[in-house]
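Quick one: structure below, then a few questions.
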Amino acid sequence: MAIPTESGAGALPVPPKKRSEARGLKKGLRQLLRSKTGMIGAVIVLIVCLIAIFAPLLATHDPNAVAPIDRLKPPAWLEGGSSDYLLGTDNLGRDIWSRIVYGSQVSLIVGIGAVLVSGAIGAVLGVTAAYYGRWVDAIIMRLADSLLAIPTILLMLVVLAVVGPGMWTLIFVIGATNWVSYARVVRGEVLSLKERDFVKSARMIGARSGRIIFRHILPNVMSSFIVLSGMNVATTIIMEASLSFLGLGITTPDVSWGGMLSDGRQYVATSWWVATFPGMAITITVLGVIFLGDWLRDVLDPRMKLKNG
Amino acid sequence: MSLLEVNELKTYFKTAEGTVPSVNGVSFSVEAGETLAIVGESGCGKSVTSLSIMQLVSDPGEIVGGEVRFEGKDLLNLPKKEMRKYRGNEISMIFQEPMSSLNPVFTIGNQVGEVLRRHKGLSRGEAKQQAIEMLKRVGIPRAEQIANNFPHQLSGGMRQRVMIAIALACRPKLLIADEPTTALDVTIQAQILDLIGKLSEEENTGVILITHDLGVVAEMADRVVVMYAGEVVEEAPVYELFERPGHPYTIGLMGSLPKMSEQRDRLDSIPGAVPNLLDMPSGCPFHPRCPFAIEACKQTKPALEEQQPGHYVRCLRAGEVG
Amino acid sequence: MSESKMNAAAPLLQVRGLKKHFPVAKGWFSRKNEYVRAVDGLDFDVMPGETLGIVGESGCGKSTAGQMIVQLLEPTEGKIVFDGTDLASLSGEQVRRARRNLQLVFQDPYSSLNPRMTVYDLVAEPLIVHGLASGKALKTEVMSLLEAVGLGPQHADRYPHEFSGGQRQRIGIARALALKPKMIVCDEPVSALDVSIQAQVLNLLKDLQEQFDLTYIFIAHGLPSVKHISDRIAVMYLGKIVEIGSREELFASPKHPYTEALLDAVPVPDPRLRRKREPLPGELPSPVNPPSGCAFHPRCPYAQDICKQQTPVLEPKADGQSAACHFPRNMDEAGVTI
Amino acid sequence: MGKYLVKSLLQMIPVLLLISLIVFVLVRVTGDPVALMLPESATEADRATLTRELGLDLPLYQQYGIFLTNAIQGDFGTSFRYGESALPLVLERLPASFELAFAAMALAVVIAIPLGIWSAVKRNTFIDIFISGISVLGKAMPNFWMGIMLILLFSVMLGWFPVSGRGGLTHLILPAITLGVSLAAQMTRLIRSNMLEILNQDYIRTARSKGIFELFVIGKHAFRNGLIPVVTIMSLQFTSLIGGTLITETVFAWPGLGQLLVSAVNTHDMAIVQAAVFVIAIFVILMNILTDLVYRLLDPRIKYS
Amino acid sequence: TTSTDTGTTAAAPAASDGTLTIANGTDIESFDPQNNNNTASEAILVNVFDYLLKNDNEGNKVPALATSWEQTADNVWQFKLRDDVKFHNGDPFTAADVKYTFERLATDEALKQHSYFKTIEEVRAVDDYTAEFVTTGPDPLLLNRLSKMGAGILPSKYIEENGIDAFLKSPIGTGAYKFKSWAKDDRVVLEKNDEYFDGAPKWDEVVFRVVPEASTRVSELLTGGVDIVSGVPSTDIERIEQTENLSVETTPIKRVLQMIVRQTEGTPTADPKVREAIDLAIDKKAIVDSIAGGNGVLTRTSVTPGNFGSDESLYEQSLYDLEKAKALLQEAGYGDKGPELSLSSSSQYKEYAEVVSAMLTAAGFTVNLDILEPSAFSEKMTSKTFGELYMIGIGNSMNDASNNYNRFLASEAAGETDYNNAEVEDLLQSALVNMDEASRTDEYKKVQQILAEERPAIYLFQMKGVYGVNASVDFSPRQDEMFYAQEITPAQ
């Protein structure tokens, strides 16, 4: 149907050259190139991913090969270090570099996997609770409360007993418990968002709840969500370390940064490198994820200007 | 010395698509006690001009050139701290969007009282008392209660009046009112305009009144500035403008008015669309829509020239049309 | 056009006894609530193809009434029958579908636009939601909608915050128009527009009305535009309609003193006609404790004792003008003594 | 409001029921307490006797019924590890846990609020990156590692604070830093992102137009609006601090609930696990109600039906 | 509770104020000596409760509350008791207390120590200071039982009057130190008992702190916060020794780290060659030297010197021959790919398990390592559901070989190792009731030789207790890991 218009032009207006998604992507990439931190983040995450993928090529040793004689050797550049072991060896004489390289696989999968699982559950439940309110809210939030009150390690023990230990168990348990924080944060924001006019406006044009939630409400909680997720990648990797501390983490032959860190804690005073290098690996990776998250957040926020430099 | 002098002000927005020259060399002045109306196409840069004077242009926007002198002092080069002393006190502004311009989590009384606390050093209690006074003056019923309400509990018009109360609270020397009465019914509009007029008279306040309502312009203004696509296209005393509009755009504007006295099925409007600021037409920006356009209009950018004493027009055919 | 239609068809919208009272909590733990009587008993019909203008004091409940009609607010009391169905009886999904034919242009353009969607997406959304267009057709349709409200393709990919107030208002209009609903409630659709674009939008509304037989409720403060577009006009004061009548009659001979005051206050776009206006005297009434009797009596120059005690009723008249006033103006029999 | 409170408190009942059921099941799934209670050399007969004495031979629903009836009276059974009634054992630990949690939380808030705001105001500058880096570091350092480092630095090398144990204020500082820093890290980031959002709002422009000090614009107008997610996170963090500071407690030999709970879980000391979870649950619920009330204080637009 | 706010200068003499502070990794389980089953608890309780007789550090039985004892019949022992002993509340210690103590142990099945005292049928109080023990049969181990964990004498009158709960809240015994307070997971505080029968206590107060994290314990020692710490990690030894005023004391303890090997039909370890290959593949010396920091003694038997029945010829011995191990696997019919083994361990011995697993892998085995949290581990152990191998450090509170070998009695082994050797069974059964020390020793030596060949368990090494000690105290650690505060003295 044609709209009668006053314009004398008559001819159909030219459709825009690019659709908004294309524009978003392009704008995003341009923004990535321009933002210092975005670039740093992207580079870090890329490198870590490459390391994880090419671990067998990069590792100089079998990550599980022990050499009691070479135990606790300092990094190559320190006195007493050997060029054989770039970053030194751990308490069992295993090569720390190779373990970090292999550990990136588990840590990335656990870190990101658990965040995806918990983030998805949390966001959906949080929005649902706030959006529908009443009994739906009551049920979901009370469930969350219950979960908060139950110690993670109790759950972990149960799951371990039922499905046995391993990476996926870990992702499952962390995912199943961490969603609460997402749900609560998201719910809090949605409670105030849903009273906003643009949500009414969406309802007005006849949008279904699904659309309102996914197109109108969720994008507006994204920034908290992304920030939380970035931090939760760290939380998860650390949680794995903490579970290792309790003997519930990932065990040989799988290597994880958290496990390395936890093993190394005994040697903090005497052989700093055992815990410091995996600690650095975690820090740098999380920093990368967070910077990348900041960039993503900015791209998703149309108000964010392009800062040059 | 004028109360306010704006010279060749330029404010651009640097966006992903390119630079939007929202205000592109605007000049005008306001005398103490005078009311200057700014009218113009929606999106022509009126709000950005006023925000530029206040130095409140938000982020991708940047004042890239020009001068803003208030009582002779160059505001643009003032340290931030100094500028803050002017804002809300000597110069205040009523924003166009009353709905989102109030902080949702503070009570109305608090928000009105805040300027008084800041600039007049009033205590909390005194400020609130005065705030209620102010709310009554702008015609808010049950002001005592409303002072304790939050913005979302108010109707659009009420919020707008709250914004006006905030702007007037400190009796500024210069008031910038960006469409202050759009959400008000005419009786209250009359009351508000009356209030502004009184203020202007009593305190010798200079007023910049941005509005689309030519009726309001006719009633309030001493002088009128007409803007189009980021530029001033005409400036004249109010009587002169209504009698002898000089720029084809102004003429079109006058013609679009729905009249109370006659009933027509269709209203006249200026054909064509507002130019794309990113891709301005060559020559006179109005030429694609101008019924009087000649070939030269496509090439030559006209300058703002004085036609009559005090009546400036930016048109190649200034003398001939109208 | 309007007269013939008004007599022929059944009303498209019937509003009966519509009320909305907002509780105002006094304190956190208090039990006793007071109420803002935002809308306090509205009765009116809107015929298909007709435009009903609603004017009135700011805060008198126009937006609230509008939001109730489109089911964004739940009425405290009263009935809204649209196109033969009582809207209150509809399920959520039915309301959703009914909105295909019942749209609202929000008063506040900025906050009613999702800050994270581009103009294109915003305008396309209703079409997508109701599956009215897709692919190329969608694009063309959106572009022509934008053009119709005076925006160009260069605006399509921008976000709401990148627009001026008037531009945002037009986005809201385009969104509501997209569905070509049977009825649109326009809450101040042109207040932020310059007169030229205002004219353009008003013309557009009229054209669409003619072409698609649209029905409007047009809430506005700008009396000239209300007059231009409306067939009938209702004047509201403090949650009630105080006068309703055809545009000609109402403007020619207002019967309610408030209408009179309103018309009197309209600024005239001619500096030579500038005059000293007398603002309405008296305190503005509060919707929490409305004055007894006729709500307007404290400010009415013609008020008498009866006005303080008895609430005048709006006499329902099929076509003519009626006013809720004990002493209507401009009527021969009105024995007003001043 | 009063109604809301009553309703919320009533909602505690199903939550507690749900929790009791979950915990009851979990505790029984994890393993057989009898095996842990008896010495290695115990015989089958010993085992059977003990099972009977503990009532573990009854059908599950019956066990749950008994458990529930007793729990309502505050009797969660006797801890077989300590041979004492479980609830007092749990309550005994609360002061230590609360002390640490409050200290950590207070520290986190004191660190996070200024850093978060500063980071947002200085967005994308060196300061912002620096603060981000610091908070990532704060987050990425596991508590045990951080705790050990703090001990080495401040106790062993500098001798400023005692190494471990619970005592005066000096004992509290290192564990509170250990916990507080990672809490602060997350809060800082959240505050930053919220502030970024809010600094773009029209009402911030209004505030600026009033000529009030920038500190006020940010501290009052912007901060208050960005607090909702921060409050959410704070309440979450706080609840997790009550039962979940095992690692810090272990490193600093802090006799809190975490140690009790984990050792109880590990040794299948059902009575203690159940009592502890109940106490934590009640705390969680109270905390939620408090959070909701704070939401209301912060954002008048929020309503509770 | 008292706090020890002394930690400002490194390794200051902490003990100067008459308080002895000892930091351990775990808290005591309970103040009921009969309902404890860990050495760490008993190590503290021995200061509050006395035994009738006790072991000196060489393993000899010396008098404590009993002055003398003799066997009067096959299954009857008579004990003469001291008559000058008072409980902390002033009640005199008499034979009635002995009767109460051991009859409770023998009859109350819920007690964790019950199973060690089941052989006691009756205790007769002949007079106030004479007690007679009647056992169910000949029991060569009665004296060992009476001097082991759980045998502390309880105050019968006090408990009968006040009930056991009240006793647990404020326990009393006859020991050199009285109970003062117990903040769980924090500290146990004991104060001196001036009335102690065996010399005045040397400390006003003895504080046992619970500091679970090893490095924190060491830090406490370094800052002078505590006087003695147990469980010093091998890597921290140097750090402690380098600090002025601090030293590290070690002693072999009666705990041998070993792997229990399943011989169930169908498992790869049913084949003796495979078991031998496992033994030969593990370089125990390297393990002791590196991970244990030299603190361990190689052994091929778990009955270490100081325990009854030990065979010194197997002590300080170890087998390691990687090539031979590989050859054995070939002989056993495994080609390139060795047998697949599962090795379970409690997280406590994680490092050792990981090294062993790596060494076995190097020999060609495929090892599935399963590290379990301690309680999960003991649960699995009780239910006998481990795979081929599990690693465990087994102590010996009875000081007798029988304690090591109950596990290999056919009835006990069934389902766990499934070890079944008729000769060993005969020897073990006979030794359990053999009252003749010499022939009993021979029986156990024989058993040790057989087991060393058949390998139902592969022994890694005897562990050592490693303590950090402040120079302000004189402390020599004991083989049985007890902390007798009476034996720890302020340094001069």
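We just call them A, B, C, D and E in the order they show up, numbering each chain from 1.
As a convention for this text, a residue touches a chain if its C-beta (ideal position, glycine included) is under 8 Å from a C-beta of that chain, and two chains touch if they have at least 3 such contacts.
These numbers were taken from a predicted model, which means no experiment stands behind them.
S.K.: According to the touch definition, list the chains common to the neighbour sets of chain D and chain E.
M.R.: A
S.K.: State the chain with the largest centre-to-centre distance from chain C, centres being mean CA positions.
M.R.: E
S.K.: Give the label of the chain whose average Cα location is farthest from that of chain B.
M.R.: Of all chains, E has its centre farthest from that of chain B.
S.K.: I'd like the Å distance between the centres of chain A and chain B, where a centre is the mean of that chain's Cα atoms.
M.R.: 48
S.K.: Using CA atom averages as chain centres, what separation in Å is found between chain C and chain E?
M.R.: The computed centroid separation for chain C versus chain E comes out at 89 Å.
S.K.: Let me have the rounded angstrom distance from the C-alpha centre of chain B over to the C-alpha centre of chain D, please.
M.R.: About 54 Å separates the centre of chain B from that of chain D.
S.K.: Which residue numbers or ranges of chain D touch two or more of the other chains?
M.R.: In chain D, 31, 144, 148, 152, 156, 200, 202, 250, 266, 299, 301 touch at least two other chains.
S.K.: In chain E, what residues contact two or more other chains?
M.R.: Chain E, residues with two or more chain partners: 215, 219, 373-374, 376.
S.K.: Could you list which residues of chain B touch at least two other chains?
M.R.: Expected reply: 59, 97, 99-100, 152, 269, 273.
S.K.: Residue numbers of chain D touching chain E in their complex, please.
M.R.: 31-32, 35-43, 46, 49-50, 53, 81-84, 89, 92-93, 144, 147-148, 151-152, 155-156, 159, 161-168, 170-171, 250-253, 255, 259-260, 263, 266-268
S.K.: Going by the contact rule at the top, pick out the chain D residues touching chain A in the complex.
M.R.: Per the touch definition, chain D meets chain A at residues 11, 14-15, 18-19, 22-23, 26-27, 29-31, 123-124, 128-129, 132-133, 136-137, 139-145, 148-149, 152, 156, 185-186, 189-190, 192-194, 196-197, 200, 228-229, 231-233, 235-236, 239-240, 243-244, 246-247, 250, 261-262, 265-266, 273, 276-277, 280-281, 283-285, 288, 295, 299, 301-303, 305.
S.K.: Would you pull the chain B residues touching chain D in the complex into a rising list?
M.R.: 51, 54, 56, 58-59, 80, 84-89, 92-93, 95, 97, 100-106, 114-115, 118-119, 150, 152, 163, 166
S.K.: Which residues, counting only chain C, touch chain B once they are in their complex?
M.R.: 22, 24, 55-60, 63, 107-108, 110-111, 147, 150-152, 154, 157, 162-167, 170, 188, 191-200, 202-203, 206, 221-225, 227-228, 247-248, 251, 261-262, 265-274, 277, 279-280, 283-289
S.K.: Which stretch or stretches of chain D touch chain B in the complex?
M.R.: So the residues of chain D touching chain B come out as 200-203, 205-214, 216, 221, 224-225, 298-301.
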